[in-house]
Each structure stands twice: as C-alpha cells, then as structure tokens.
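The following pair of complexes shares a single chain, chain A, combined with chain B in the former and chain C in the latter.
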Partner chain A sequence: MLRYRSALKVWGSRKYSVLLPEFKLKCGLEIHTQLCTKNKLFSLSTNDAFAAADKPNYHASYFDVSLPGSQPKLNYEAILFATKLAVALNCQVSPVSQFDRKHYFYGDQPLGYQITQHFAPFAKNGYLELSKDLDGIDQEHRKIEIMQLQIEQDTGKSIYRDNEKLSLIDLNRSNVPLIEMVTHPQFTDWKEVRAFIKKYQALLRSLGISTGDLETGAMRVDVNVSVNDNARVELKNLPNTSSILKAIQFEYDRHVHIIKEGNQHKLLAQTETRSWNGYSTARLRGKETSIDYRYMPDPEIPVVKVSQELISTVAQSIPALPDAILRKLISQPFNLSLKDAKILAFASNGHGELYSQAELLPFYIKTFENYQEKAGKRVETKLPTSWIIHELLGNINKLSLPFSDVIKVLTPTSFSEFLILMTEGKISRPSAKLLLFHILKDLQQRQDKVPHQSIDFQSLIKEYGLNELKNVDQEELDELCSSIIKEVDNPALIEAIKTGQKRNSIKFLVGQGMRLSQGRIKPQLFEKTFKKLLRVDW
Partner chain B sequence: MSVISNALKKLDRVALAQDKFNIFTSLNRDARRQLSENNDDDYPSKPLQNVLYALKDNITTTKLPTTCGSKILEGYVSPFNSTVAELLESSGAVSVGKTNLDEFGMGTAGLHSYFGPTFNPLYEGQKVVVGGSSSGSAAAVAAEVVDFALGTDTGGSIRLPAAWTSTLGFKPSYGRISRFGVVAYAQSLDTVGIISKDIKILKSVFQTLDHYDSKDPTSLSNEFRRKAKSLTRKNSKLKIGLPIELNQKDMPEVVKTAFYQAVDKLMKQGHEFYKVSIPSVINALPIYYTLAPIEAVSNLSRYDGIRYGFRAPTADFQDSIPFAVTRAAFGPEVQKRLVLGNYNLSSERYKNSYITAQNCRASMVKDFDKVFSFPNLLSHKIRNEGGLDLLLSPTAVNLPSSVAKYVKEENTNLVNSYVNDVFTIPMSLCGLPSISVPMRGCKSAGIQLTGQHGDDATVLSATQHLM
Partner chain C sequence: MTAFKLMRASRKGFQMIRSFKIDSVRLFSIKVGPKLDNLEDVKNSFAYPTWDIKQYIASGEDIERQKPSEEVITKLLKLSGLPLQNLDEFREKLGEQLAFLNKLHGVEVEEDVDASHARLVERCTEPIGFGSLVQKLEVEQKKDVNLGEISGSWNCVGNADIEKDGFFVLRNESAKNSG
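Right, the complex of A and B next:
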C-alpha cells in the first residue's frame, strides 16, 4: 500500500512538470472530427464507423471501395454540419469552396487519394474563447484563433496482424465525413490545451454534429509543439486527453533539455513528426522524407457555394452555446455551482447516456421557474438542483431509465409541485426520496406501457399515507426509540455513542427510526429523542 | 429485310470479324436468345428493339467483364451497370459484346491494348490502324457486326477512329450523356459518344441516352437541357465557320480536295461560309497533354490490386514502395502518361503546369464563345448574336497508316502519335458537341462539324446535309 502510494507520488511529479519562464511553449492543434451525418460524405452508405465493428466492410458502397466507374455524390448534410460549426466558431464561411485530391498510396486509402479541401477550405479565421472562471485556465481570458475548417474523407482502417505479416482492411470508416480544424499556434500552457479540447467537444455535442469522443476515434487530435521558436514537432497517436497532455509535457521537457545542452541548432532545426507511445515520443519522420501529396482540384465534384442567407439561417437555428448556458446557470436566480451547471449544459461524452442536455436543461429551467413562482418567499434555490441533478438523475442511472420516458409522466409542473410539497413540509425529505424512487421504479417495470398522464404527487402522498406527521406524540416516540435501541442489541455500539467515541453511529439509529416510521417523522426529531434517551452529553 | 433477320446476319459475321480485326474483348453469348425473345418485330414496342450494339470496354456491365484493355483489370466484372448500359437494355437494344480499346483510353491508333491491336476493317488483310482509343467500337461498326457502338472521347477517341473507318462518330456536349459507370481516364474531358453508319440510328440512340443522371455529378441539369432546347434555331441556311487554325498545309492532297468539295456542296445548298480565327486553339495539344495525364495519374491511383483486378502474386510492397509490383502491369503507353502526369502534378511543377493549362483552357472556351451565336449557358458571359452556327474542319491531319509504319513513327518520336488529335482536342477541352462525318470521295477521312456547348441539335441536324 505504501509503496503504491510513493510510486504514485513519483508519477505525480512527472505529470505536473512545470513551465519555465525562460522556455516558452507554443502549441497548435489540428483536430479531426467525424461528423455524425446519416450517410457518408460522397456516398449513400450508412455513416456508422463503429456499430458495425464486427462486420468489416459492411457499410461500404461502390464508391467507398473505389470501384471503377463509381462517382462521388456530395452529401449536403455534411455541408450543413460544417456551417453550424463554422458559425459557432465565429469563422468566415467561404462563399465558394472546393474539394481537392491529396495523393498517397496506402492499403486503407482505396482511391489512392483522399478527397479534402486544400486550395479553398470551407471556412477561415475563427476563434474560440477560454476563460478562467469557466475553463479553469490561469489567465483571465484567452482567445484561440482558428486558422481554417476543412471538410474531408476519413480513410479505412488497417488492422495489423504482425505475426502473419498481414494487415486486414476495413472500409466501414472509408469516406466518413471529417472536419479538420486547425488553430494558430497560440497555446502557451497545456492547461489551455485541455480546456480547449473540452470546450470543443462540448461545442460539437451541443451542436449535435459529432459525438466528439477521443476514445472511439470520432475525434483525433494532433499537436504542434515548439519551444522558444525552434522548429516545431508534430505529435501524433494521441488517443485521449491524458496522452495529449503527457505528450506535450514530455516534448516540452525534451526541448528544454536539448536547448539547455545547446543542441537546438542540431536537433531542433527541422520540423519532424513524432509519435507518442504512452511513455515517450519517438521520431516517425522528418521533413526530408515527407511525401509530395500532389494536390489537385477534384475534376468532377462541384464547387460548394454557401450563401449569406444560409449562414444567417443556420446562425439563427443553432442552440445556445455551452458558454452562454453556463454563464446563465451560475448567475441569478439559479446560482448553480460550475460543476452542476456543466452537468446541465453539456454531455461528458457523446453516447450511451440516458439523458441528453437538450431534454435536461429545459426541464430544469421550467421546473425552477415554476417552483420559484409557487414557493414565493419560502424558495430554497438549491432544492430544484439537488432534486433534479442528484436525486432524479441518480435514480435514472440506477434504474437505467431513459429520461425521455420519465418526462412523459414527470412534467416540470408536477415536479415543481413535488418540490413545493417539500418546502411546505407536507412531505419529509426521506419520504420524498422513497416516493420518487417508487414512482420511477414503477415506470421502469411498466416499460413500454408508460401512462401518458402526469404524476399527481398530492394524491400519491395521501394514497401512501406519507404526509409528514406534524404533531408527533412524544411518548409514542420515546417508546419507538427505546424499542429500537433494544432491538439493535449492541451494547458496545450504544456505549460508543454515549461516550461520543462514535458520534456518527447515532445516524444508524435514526435510520432505523425513519424506516419504521416510513419517513413520516423528521430525522431531527428522532436524533433529539435518541440523545435524550441515551443521555448523550456531547 | 426485317430488323431481326438483319441482326441475325450481323451476328453470323461476328466470329470471322473478330478473327480478322480483333474487335471485341468479350462477347455476349446470349445475343441470339435475346433477339428471339424480342421477336415481335412487326410491332416494335421499344425505340431500339433488336438493334445490335457494342460497348467500349471501359463502360461497366454486370454480365460481361470490364477490362479497360488492361491487364490490371483482367477478368474484372463490375457489380453494377453503367447508366448507359441500363438505358440501352431497357430500350430493347441487344449487346453483341465489349470492344477493344487503347488501355484506359490512352492511345490514338488502337494499338495499346493488353488484348492486342484492333485492325481497320476497311483494309482487310493489310493490318492498317483503325484509330483509337475507341478502336473496337469503330471497327465493330465498320465491319457491320453491330448497328452502333458506344465509345468514349477524351481528346478525339471517337472522332478519329470514326474518320479512319468512314463511319459517323458523335461526341455530344460534355455532360449530356451520363458517365456513371464509365471508367475515368480524365473525367473533366471524358465524354460518352456514339459511332454508327446510320444517322437515324445515331440520333435515336442519342435520344435514348440524352438524360440527366443524378448519379453523375457532372451531368447537365434538366433546367440546362430545357433552356438549350428552347434556344435551338430552325435555320434552313447555316452560318458555318472555317477555323484557319484547323487546317494544315501538310494534309494529304486527297483529303484537302475532298474537304473543299464538301464545302462546295454545302455552299450550293445555300449555307454561308466564314473564315474565322480561334487563336488559342494552337495551345490545344500542350494543354491536353498536361491536363489529361494529370487526371489519369489521380484516377488510376486506385488500381492497387487489393480490392479487385490483377494483383502481383509476390508482395504488395517493393523497396517500401506500395503496390509497385502490381502497378507494373500497366502497359507502356499508360506508364508513359503516368510519368508525364506525375511530373506535372508534382508540387514544384503544379503552378506552371496545371494552373497555366487550366487558364489557357478557360481562355479557349472564351474564344469559342466569341464565334458562336448560341450562348454558352454555363458561363453566360459572351453573346454574339450574329455569330456562327457551326464550325467545319477535317477530323484528322493524316490518313491511317499500316500498323508497322505507325509503330515505327511512334518509336522515333514520342509525340508523333499525339499530333493525330490536334483537330479534335479543342472540342474536348471546351466540351463542344462534335461529329465526324465520312468525307465523300476520300476513304478514311472525316469532316468534323462542331457546335457550341449544349447545341447538339444543330450539329446533328446539319450532319444530314453532308451525307
């Protein structure tokens, strides 16, 4: 145990290597993101690079396989998605952009070239803003400028079987639409890189144009690193955020070391590409072995024309962006913590969630507003947050119940009434917990027979007899508590409570009381009674 | 004679013609049965019922292989039909087979096929070149084993063999006929066209194929087609231009004489002739031999042997160069053009070669726009109300020579064979509709009629005046 801890500490010190003021780090990002369009970029095959992992070459049409005589057919949904991203990143969308061919031979590149946008990219000159309060960077404010966005095809996948000297090729991913986003080399700290990546992911998800997941390869990040304006190094093979950050730190330390030794004119004079292997970076290739991609405009794909009207329509239709939502939620009247606000504002990953922010956020806001209005002066601002984010979502996860089913019976109106009942003391919090779980459990068991009628909490409380007991007979309560102490039959524990050795164990007794009274008696009342009976003096 | 018995007679000649001229790369063994199934000859229900045709073997069909005359696609059968094959099948025409060609369309004589050269049926037993690259298609029509054949024309590949076989060879406006299923050589130029001896059949086939196809991104829209149709004039007297750049002193005397006789005939019919200059036409050859090989480099990159076609039995990599062994299966002419194309596509040359060539191509389009009265519906920039209806020129500078002589000349100078396309390339670069019509009084020579892009109707209706 101890050894493990000390090992962790060593690792920890590596992880948090420091930026030295006389060695200036400069990073730029190149992020490839798969768009979740229905079809592929130039064919009608299903864009589903991962679901068919067990069926290689299943989502591959004639064009994806590059059969002779097949032709590209541009998918305009990809153009729409790209426009959304361009607008959200404050880019200038080119009125006319074109597709170009980038030539190189590889087994998973069936055309012998990739269709990309080299000469006239889709959009240029945008930016993304980072701030200290929302993104946790050191400076108050950073504006990271975006050089360009280009639309391009993804390649197929090679699966290497080294022992058989074979590589297998899966073209399900071939021709999936990608957006390549290139930033200016303006990052001076890896914290900013992390913040940017998180923010970019949140943006993609809230626009609904990509899952933004690094783990599945739906998003892939390459990093350019240079120190003190020496030649830059391009880092590849960075499968997740921690690799990205560790690779930058490793590379920074390596450059610092080279410069300190005075070897930068030898070792950092020319650009090179390096790959991250989990522990260190290793040289892949230098400038002298770079391939001539022999770019040329595609001779048959029509140029893409985007009108000002389309841009304005898209700008009006995109949802509020994560930053704006966060700012709204952390201020009056919601006053949420940043952590809770982030849960409501954007997804932590792109798939497999039981709820989406598109459903959750409006539910929260409507519930809050209804509750606030009805509660008047008695309003407890934290109540909607804790009951929606913690209780409701917690139960949903526990029961694997989709939020979309829940909101069919649990409308913001009924949920805010539920909160009012608590504020008015008509139901105790523990009873309310039980009741909510019961309602959701019931919903889960009905499965597809979901009643299309919203829950009436008031009548349920009556039905189950859950109203909080206002006037508890102290004698009866004393009796109940005495019997609990007896039943627990643990003199050592009782003694420990009495002496104050195990103060917290009194909660155990209170819990028994809550269970027996089905939560209708306030826990504070139980605690008081137990203390009295045990003559606790702490 | 009924259509069907005519067809059966043609089918009877196929085997012998194949023996003599090497026309086909594969034959439809089912043709006879298909003819008899359609045996309601007296009341043909379909426009091309029982009309026999052949397809150049760079057009995909599911029933016969599509080889492009290349070892690299030997035995390849496409899982899908080209749009033109679909349209012909549903119009009742019956396929005889797929025709030989210069590999991937690269060649002017029909000599550069993996399946050997095709010979000119007008010179039986003499081994005379037929012209290319639609060599087998022209030979099939000339040998009268089909009623028409489809070819592709990238720089003259239909018109030159049509001229040398004294047949009609029509290259429509770029974008008129779908290219879906046509294996690309240089798709900014590749155009599907028709070879036949019979202008009625040729027109009927064109009508069958002249449709917008959503599968082809370069197919002309329905809106364009409607507009072009509405602008078609019904002039009985045509204004015809004779471009001075498309007339060379060193043409054979017989060709010159026959050409002017044809002009004379048209004048007597009342058509007006004008001497015109289209100065940029002199750049046609260098533009073409810059752009076409560049596009070919790109389009032929897919032939790596992994997914289909020939694959070298040894390794996929040689000296860490991917697919080098497999790609050595390309023939010498294709390899030559790939080297040329790669040179011009390299990042150092790109600006001077590709960009310059594209600029020159654009100014050539403008030069043509200035002389035609029909507007360029794609650019709308220039309108010459009093301009010409058509241009007239010979199709080729030379008459076909023997295979031996041709090979010798080609070996002496790489560029010798390229010059054969000098009269046909400008129309390809500008996407203009153009037809080669047999020249009366001169075997194996053609007259080329050219109209403005989109004005195919005028070209086809004027063809009759020359016949």
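Right, the complex of A and C next:
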C-alpha cells in the first residue's frame, strides 16, 4: 500500500505524461455552463451570483429559497440562449422537451430536488469540429459528437466551516440557469480536450450567452476517463483547464499502472467517481453507492414546445462563429497571425474586460478596409493590426478606459486616417504613439464631458507641431548626434557599438535623438548619422 | 418487512398478485369547479366540503375482498426466503395495500391525454415561435415584489432559526457535495 501511495506521488509531480500506443485513452466531457440571462431560470430574481458575493442571499426570491407554496415559472430567455447554443453546436432541437425533478438531499438544494431535463432534453446529436491549424491538435481534423444539451437550475453555494462543524449557505446562485452539455467519449488525447474546452468557451462568449469562465465557476467540467475500454472513471472538482489536463494525465497513468500489474479486473471493473485535489485523484463513490435520483416529470412546469420557425430565425440571427472569423482573419487581405486573430475573434476571459469582441472586430475590419482603400499601393497590411491590437488595446488597458468610450471619438474612419498619416510619413511612429496616448489620456480625464465627434488627427498634428520634418539639415543633424554622443559620456558603450559587440546599443542613442527631436525626425535617419559619426562598418 | 415490500420481493410473486381479480370501480371524478372571483367566493368554497377523505380509504369490505389466500402468502414468503410466520398479519397488510391500489385504479382519468402533459398547469401548449418568445421576454420579465423577486426587498434569512452574516447555517455538515 505504501509503495502504491509513493508511486501515486511520483505521477502527481510529473509534468507531462506520454500516451502509450498499447494503452488507449478515451475521454468524454460533461460541461455545466451558467447562462448570463438577466433573471433566473424559474423566477425573475436577478441572475448575478458573482457581483453579490459579499451580499449572501441577496438575489433570492421565494421560489429560490423554496418557500412552501412558491411555484416555478420558466424564463424563456434561457430557451432563447439554449437554442442559440444548440444551433451553433449543430444539434437537433427537440420539438418537445420537458423538465424533470432529480431528487437528492443537500443543504444548498432547498427544494430537495434539482429541476433538470432527464427524460426529454432540449437538444441532441450535435458536434463540434477541431482542426490542427486553428486548435493545435495532432490530427488534421476531429469531429467531437455531442450527445445532448439539457437546461437545468444551479444549486446554491455551500461554504464549509469544518472547524465549526457547519456550512454556510448562500442561495444567490440557486436557480441560476445552466446548460449541461455531454459529449460522446471520443477524445483520445488531452490536447483534444484542451482544444475543445477553449473552443467551447469561445463559442459561448461569441454567442453572448455565458462568460464561460472556469475560474469563477460559470463553467464546470467533469471528465469521464477510461483506458483500453475498462470501466470509466468520472473526475469531478476540476477548477481550471490545467487541473482538467493534469487530472486526466494522472488518471491515465494510474490506469496504465493497474493494467500493467494485471489488476484491472479487480480495480477497473466498475465505474467510480473520483475527485481531484491538485496532486492526485481520490475515490468519492463507486457504483455500489451510486445515488437513485428518483427522476419524475415536474408537474408544475409545462412541456417546452419549440417551433421550427423559432429555430431557423435564431439560426439566421447568430453572428459569425469564431472559426469562420479566424479563417477570414488569417487569410487575404488581413493575413493576421493566429495569435492576433484570436485576440480579435474571441475573448480569453469573459469577465471584466474593457473591450468586447463584438465592438473590437468590426472596428478592426472597418479601419482596415478604409485604410486599404486610402493607402492604395502603399498599403502596409500589418499597420492596422499593430496599431489596433498592440498600441490601442495596450493604452486602453494601461488607462483602464472602456473601448466603448473610445470608439465614440475614435471612429474607424478617423483611425484609418491616422494610419494613412503614418504611411505618408506626415507623422513619425514615435510621435504617433505619443499623440495616441495623449488623446486617450485626455479622454480618460474628460469622462462624461466627451464630445461625440471624431478626432481630427491632421489638426492635432499641426496644433502640437508633430509633423515629421521632411527636409532635415544634415549639418544640424550631425551636430545634434555629436552632442548626444558627448552627453552620453560612456566610452565603453561607444566602443562596443563601434566594434559591433553591442549592436543593439545604437538604439539607445537613436532613442535620445528621438526624444530631443520630439519624434519629428525619422529614427532611420538618426541611426544612419550615428553610424557615420562613429565610423561603424557592420 | 411490510407486506408491500414482500409483494415486490420476487417477480414471480408479483405476477401472481397481478393475476388477482381487481374489482375496477370508478366511483370518483375530479372537477375543477367554478371560477372564484373574490374573497367571498374563496371563503364559500372552503366553507362546504366537496369531498370526504373516507372516499379514498378502502373499507373493511374492500380489504377483505383483496386479502390474498394463506397459500399465496406462504408461496411469497418461501420465494423471499423468509420464515413462515405471522401469516395473518401479512395477509391483512397486503389486503389493505391492494384495496388502496384498487381505489387509485378506480379514479376516473382522461385516457386520451398524453402522459407527458400530466401537469398541474397548462397542459397542451402550442409550439412557441420567435415572435411570441420575444414578446414573452418583453412582457413577462417584470419582477414581482410579492414573489420576493426584487433583490434585497426581503430578509431572506429572517425566519431561519440560525443565521450567520446573512448566510443560512447548516450544522454538522461534513459530507461535501459530490452530486
């Protein structure tokens, strides 16, 4: 037993596991996702479990706390959201679905049962496609089939105070709408699991139906694992992607070890549920202690009948999905890198962002198109990407300025004109950086007094005297560069530049020049002059 | 072990029970009754009982009629591997339960109703279209203070025996949720 425990410890500390060809991994996912409807599923109390974390039991109606006599009333916003997801996942929406009661007793479940969809789920038989180029899986293409989507209510939240032998119950989360999505056990590698989770999160966010965040519990993932078709193990309590992958790897190694020892008939004969503690999995319960939930149709909620017209109207209203957007952005004329395309196509985090992809993507595309049209043959395709993704978003983050405020004054038309000024050499890149930051800083300070009119960059450049100097007097420039070299007063550095030992250090000198000229002289001109003065021959 | 558990103990035994003749009597029907418009109507409707619980409890005569024979009880006990004792007690209990089941079977129901529509609320709903759904979202999203739907409008834990910092408190909770 001791030897077995120490072996587990070794596996737990291992960073990467290797899939062995003679031990076939098979995984399935069960993902619970909170829908961000305005109100809860069977009452109209506010659905805001996170914002009110410091106000327990604040968003709780009589039904949410199960006062006797209170009855459920279905919030059809959840039906709308579920239809969007079902369509995006290529599922067949059931014309008739129903809600059922799943009975179990627990403190954060005051009804004594959870309202879910056991007998007739909302949608079935969908799929999500993964690809090597977009999702980084090993195979060129994988189609993961989705068994079903069901709508159900969330439970309240228990805070365990083991020392005091009590639990604190907060029912703000009680009755929040959830969608449970179940895949077939078709994952054969943890890379596919990771890709699927990322893609599913992106889908939820682009549909605007959930934040999709694992860290806040808005999305919870359970994983079924089996090796060589032995009994499956269900893994629970997986708080983030890293835990999910580590738990699968740990469980795979554990199964392989058991099979190698010839103990699979004893230890892997029956299904069991295990929990992840950050290092290893531990048994929660086996088949013999599985719970009889005594499912029954909920007699207080009418069956849900969805018309074909509803499904097709929702399908038409769905925005372009992340894969289609990515493919568009990495192709002509945008030619973005996958990393940049992902920033524009979907959020990495669904909570508390200063910008949304619904605002950012159209801004980028319109700016790009305007710029391309105006620039003609001089077009620099990377310019809009670099200035929107890196400069604009960077400043927005630095200043904590919501993008929605920025686009009130910085329209795609004005931003594309700004880019044209750079392409035409009317403002140097360093000056442009300063100007953009100044505009945004000014906007931040003038909150609530923002005139809703577009920025005129040309006038600003004139006003601040930022226009790039076209005809620089070489003698004056030589003089300026010589004085910089003198002021730097670092013979070792100058020598290292001369000999080529520290080639990049010349950028320091150029920086000094840019500072003194307030960015009005091109850095290339400074570099050329410094090289001439220092007689650099590299 | 109750007679009912005993009845469930073996499939063969259950088949034997099912083969008994059950007198199917349909004595009762359920009516919703007239619409109640005001408080007076509500009070009146509660003032006069419209049914009697005795109607749903099997009479001594019914129980006597449903009592299984000693031979059946003996067979059931043998099949279940239980000692052959208290035969009369089991006969009595099983008779009571069968009589009660018979009463339930006697309740008049609409046979043509789809079982999945067996709801306390609206039964046969129409498929919802996009327009009606949008309308529902616009019209039916108004919070009702009488249902406690306005955040912070009522003290949720006010009636709890114990509370702590606004939380309900569950004592001696050790088994963490794994459902």
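Basically, the second predicted complex is superposed on the first by the 525 of 538 C-alpha atoms of A that agree within 3 Å, B and C clash if a C-alpha of one lies under 4 Å from a C-alpha of the other, contacts with A are read in each partner's own complex, and residues count from 1 in each chain.
Keep this in mind: a residue touches a chain if its C-beta (ideal position, glycine included) is under 8 Å from a C-beta of that chain, and two chains touch if they have at least 3 such contacts.
Given the structure is predicted, the values throughout are model-derived calculations rather than measurements.
Chemist: Does the chain A-based superposition show chain B and chain C clashing or fitting?
Modeler: In the arrangement built by aligning on chain A, the partners chain C and chain B clash.
Chemist: Output check: A:Asp292 vs chain B and chain C. Expected answer is one of first, second, both, neither. What do you get?
Modeler: A:Asp292: touches chain B, not chain C.
Chemist: Between chain B (first) and chain C (second), which, if any, makes contact with A:Tyr106: first, second, both or neither?
Modeler: both
Chemist: Given the touch rule stated above, what does A:Ile197 touch, chain B (first), chain C (second), both, or neither?
Modeler: A:Ile197 sits against neither chain B nor chain C.
Chemist: Once the structures are superposed on A, label A:Leu525 by its partner contacts, choosing first (chain B), second (chain C), both or neither.
Modeler: Touch status of A:Leu525: no partner.
Chemist: Once the structures are superposed on A, label A:Ala345 by its partner contacts, choosing first (chain B), second (chain C), both or neither.
Modeler: neither
Chemist: Is A:Glu300 touching the first partner chain B, the second partner chain C, both, or neither of them?
Modeler: both
Chemist: Looking at the overlay, does A:Leu29 come into contact with chain B only (first), chain C only (second), both, or neither?
Modeler: It touches nothing on chain B or chain C.
Chemist: See if chain A has more residues touched by chain B or by chain C, and give me that chain.
Modeler: C
Chemist: On the A-aligned overlay, A:Ile169 touches which partner chain: chain B = first, chain C = second, or both, or neither?
Modeler: both
Chemist: Kindly classify A:Tyr62 by the partners it touches after superposition: chain B alone (first), chain C alone (second), both, or neither?
Modeler: In the superposed model, A:Tyr62 contacts both chain B and chain C.
Chemist: Can you list the residues of chain A that touch chain B in one structure and chain C in the other?
Modeler: Touching chain B in the first complex and chain C in the second, residues 62, 65, 67, 70, 106-107, 169, 299-302 of chain A appear in both lists.
Chemist: Once bound in the complex, which stretches of chain A touch chain C?
Modeler: 38-39, 43-46, 52, 55-65, 67, 70, 75-77, 79-80, 95-96, 98, 104, 106-108, 120, 155, 158-160, 162, 165-171, 236, 273, 275, 284-285, 291, 297, 299-307, 309-310, 313-314
Chemist: Help me check something: in the complex, which residues belonging to chain B touch chain A?
Modeler: Against chain A, the touching part of chain B is residues 59-60, 66, 68, 73, 76, 78-80, 82, 179-184, 186-188, 214-218, 294-295, 297-298, 300-304, 306-308, 316, 322-323, 342, 345-347, 350, 354.
Chemist: For chain C, which residues are in contact with chain A within the complex?
Modeler: The touching residues are 116-123, 125-130, 133, 136-137, 140-144, 147-152, 156-157, 164-174, 176-179.
Chemist: Inside the complex, what are the residues of chain A that reach chain B?
Modeler: Going through chain A, the ones touching chain B are 62, 65-74, 101, 103, 105-107, 110-113, 169, 292-296, 299-302.
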